[in-house]
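Each structure below appears as structure tokens.
Two complexes, one shared chain (subunit A), two partners (subunit B, subunit C).
Coming up: the complex of A and B.
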């Protein structure tokens, strides 16, 4: 009989406090969000049940649809640009070139700096009047490439996303730890079989860290969907709502004491996140089982 | 894994210590004296706020005068948006602070709806109410209840830098918009950007005030009673759009926030700006040269509209949690009366440059020259009306900047700008 069956009382005892906290501070608020998303409520007067009218209103609103689209772009950018960049960097650092420990720290450093400070720095870099980016472009003869980066519809969203995507440290550390735990003997065997560095990375490293990559991408999608800070600080959703995200829209509705609409947005966010994560796990699960069948 | 007995003992002692500390920490009020009423006041008037030093002094004096019976404790909340969010959450959960400050607008006036705030209507009927500037108590009255005390008010005239005007060869501030555009051309010819604008921040503050001035000029004192579909709002949008065109503002105005808009004026990059009297302290300390040359005036006359209007509004009201305890209620009233006593209002006004809803007498020598200009601008106004933000909920106010950004980037015409505002209100 397994230990988990014999010690179930002990296991339950250890799990109970966390389970209670989880119910009190996650499940209960989650149910509350779904319920109040179907009401008209300002937090002061009594709630009145309005059915799905909040959702109908939301999906008929251009800013909401734009925000939802932007959340998908964020999720995509983090999962398919940031994570691959982090993976490539981790692969290079795992080869332990000179100064790799220093570089590892440098890449991770932005993750311990306040998001507010980083946003302020990038706002200054992007500024149309005195920003260093425009000065640099002008200095190298590319004056026609200068923009009001955060003030133009075409550049604002890429500009906000770019400053976030560059900070690969978090995923790099996770993936680097995974790569460093791969036994050297696998690489030695591949080398003896005539595999070069690129082939070693493709046929040894990537399959060995597949699980970590799936986890990183899942986390990246979750971050993309719940994104708020940089947009709030750098553009407040502008110009013309072109950088708006659901988190920001929710925040604005809460500020206006429109908790019914705010919680409807929250419900959409939770459901979208859940569906996207299930989708990613399924896709990668299929790839994984397919590759196992081939092996 | 087994822990040594000594470690377990230490852990138990630590836990017991924590319990004791938490028990005694709950006895603060009793320690302060059985009969002393402690009023917590979470406030934004702390830190760098120009009113902070005098507010702190007034509270200290009040506490000294009521030692042993009433004690007001300031809880610092220097972040304006954070403070507002905190208030919203506290009120929605029924945990109203003993005393608090709020910016009166259609969103925050919803606080009146529940039975959570103290009603001052009876108290203000006596001599206390007579000390307030005419109309301010009415502005804080909803359904015949005065659940907040009108405290700070403001007008937001047009600021201009006379030194830059002189440099461009402009003698005085233009009286009409035709003259205004001509003055803008002269400023640009002299290498000066005419106006500070912004579409960013939470409400596109500077541009929202420009829009309010133009709307008031076109539509008169009761303009905010008109629906947004009225042609006045579209005409005003077209004028505001011109402020963003032909180099009439800085390149970073689209997407720029209050720091950008104010920063350009303080740096002497722009010649014209709009803000309230609370900014006097900032310009005085951060840009004394600009301060020395700043003058305030009314907006130019709009084509077919009136002139001399000012945008004015209640900036902050004081409110308190409702209580059934008459002693506690008396303590709150006592503090409110202290904070609104004319002699104390005079001190805080002289110290900060802010304008208040309570009348007080003052000699010329004590008034800051720029603050004096504000007072004169208010006195000389043909009428004073509220701003756009004061007539819509905060989410609609936020949509103003987004619609403005769309319009100035050529993605929407003035009519579509107004339509976006109307959609947000629905």
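Coming up: the complex of A and C.
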């Protein structure tokens, strides 16, 4: 506690467990991925340095480009569909309609259930023969709308994405907490000025939670790039690679003992994630400073 | 809260209806698949395929007995319980020690250490499959429960250091001062004062790590190969081939696998919500 004598030995001892785990599972793996991404290596023979040839090969590969595109679609759907839906829900719940605490708890529920269980559940719902989605469409006379949802190229990707995007609970919780912390006096002042509910949301709530929205969208992009489980379980990338994502491709390259290419994909994941996050922060940062100059 | 007034009655009604339809839609999306899964798990397979909307004519509890006997579910449960509790304990011990010195013993560079550790939240660990596989194999831990335990504990370090640090920093200094005057060492201050006082923060972080470990799939898939270290989530994937046409017993197995997480959620949901909120506000 005394500023004069820092107990370095004690401090080091307390930091040691985290330092060991962090170096072994974050620092070393990150360096490893970037270095071996520039090699030809199968995990057994000695690796040979090949520079950027893995990356050149990857970008010439149709499946890789499709996977990268799909990751962007995932990120886009989460950031620009899921986050806005979560925001609207949070705005509605923040006005404390009857049962809002119950709804808040239930909306978040899917987030504590494993991706595997959820994927298996939705596979049953989407199933072409006994799936309830097709049964439902037939029952209300929309038989022509029925599909083999996960088996057709046109519907597979939207189907896998939809079962994630519609679970809005995660971002709803974050944004709701932000809205509830806005002082009531701001809304009272807006109401005195004659602003209706919609205007209050647009001119009071939205500007006040901009930081949280940036955080949510950053997280959404990160999740979009990391996505793996649902695709692996529901379609394994098919039909015809139409639902493939980078994580899955990495897993497959690793299974084929092409560690060089696998780690090049890993590097792309890390770099793309970092760049997109910086990009989002910059765009929203600029919006923020622009609005400040207006005021 | 004078937030809910609107000038026109008709517009008010319409808006109110739209609001409730909106909320109802997400309630159905969230609950219906789950309820449907539970109901299906009590049906016969014929009933499940021909009458997907109905309530079972005879509730088939036998599906649950089948689920356990066909898949060896009890072993999967045991493995998952061991992995989840052990990785949570290891993670919380390591993270709370680090968070303690970072937050209460502000040495030079403590902010840098904190920022580096917390930056780990943004690392897409899915990109690190090959190094994790090499590391765990190299340590001789491939296909062992301990390999999963150490991986889950390590991967969750950034988020739990973040949560515990935030909590510890808010503990008033005065509570520690008496201990310092009594001549407590750093370790004694941690074990006797700060650790017990941080219980709430530790439970929040622990709930996160526990749920993560219980639900984790990718690294279980990558770092194990046999039934001797197979977890529930991995088991569910193999259910499909084990049950072949016995869908409803498979759903019974899935229902059993999600009951513990729902139970943890009901017990700790206010702490989960608090933890998520404090995480996001800092961003």
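Assorted remarks:
Operating definition for what follows: the second predicted complex is superposed on the first by the 271 of 295 C-alpha atoms of A that agree within 3 Å, B and C clash if a C-alpha of one lies under 4 Å from a C-alpha of the other, contacts with A are read in each partner's own complex, and residues count from 1 in each chain.
In this text, a contact is a pair of C-beta atoms (placed from the backbone, for glycine too) under 8 Å apart; a residue touches a chain by one contact, two chains touch by 3 or more.
Nothing here was measured: the structure is a model prediction, and the numbers come from that model.
Superposition note: with subunit A as the common reference, subunit B and subunit C are in steric clash. Within the superposed three-chain model, A:150 lies in touch with subunit B and out of touch with subunit C [touch as defined at top]. Of the two partner chains placed by the overlay, only subunit C lies in contact with A:26; subunit B stays clear of it. Contacts of A:237 after superposition: subunit B is touched, whereas subunit C is not reached.
Once chain A of one complex is fitted onto chain A of the other, the partner contacts of A:132 are limited to subunit C, with no touch recorded for subunit B.
By the document's definition of touching, neither partner reaches A:224: not subunit B, not subunit C.
More subunit A residues lie in contact with C than with the other chain of the pair subunit B and subunit C.
When the two complexes are overlaid on their common chain A, residue A:254 makes contact with subunit B and with subunit C alike.
Listed for subunit C are the stretches 188-196, 206-214 or 260-268, of which 188-196 clashes with subunit B, judged after superposition on chain A.
Overlap of the subunit B and subunit C interfaces on subunit A comprises residues 43, 129, 254, 259.
Of all the residues in subunit B, the ones that touch subunit A in their complex are 81, 84-85, 88, 91-93, 107, 110-111, 113-114, 116, 199-202, 250-257, 260, 264, 393-396, 398-399, 401-403, 405-406, 409, 411-412, 423. Within the complex formed with subunit C, the residues of subunit A that make contact are 1, 6-8, 10-11, 14-15, 17-19, 21-22, 24-26, 28-30, 32-33, 36, 43, 85, 88-89, 92-93, 95-97, 103-110, 112-118, 120-122, 124-125, 129-132, 135, 139, 166-170, 173-174, 177-178, 184, 187-188, 191, 196-197, 200, 211-212, 214-216, 218, 222, 225-226, 228-229, 233, 247, 250-251, 254, 259, 262-263, 265-267, 269-270, 273-274, 277.
Subunit C makes touch with subunit A in their complex at residues 1-7, 15, 19-20, 22-23, 26-27, 29-31, 33-34, 36-37, 40, 48-49, 52-53, 93-95, 97-98, 100-102, 105, 107-108, 113, 116-117, 120, 122-135, 150-151, 153-155, 157-158, 161, 176, 180, 185-187, 190, 211, 214-215, 217-218, 222, 232-233, 236-237, 239-240, 247, 250-251, 254, 257-258, 261-262, 264-265, 269, 272-273, 276-277, 280-281, 283. Of all residues in subunit A, those touching subunit B in their complex are 42-45, 61-63, 127-129, 148, 150-153, 156, 235-241, 244, 252-259.
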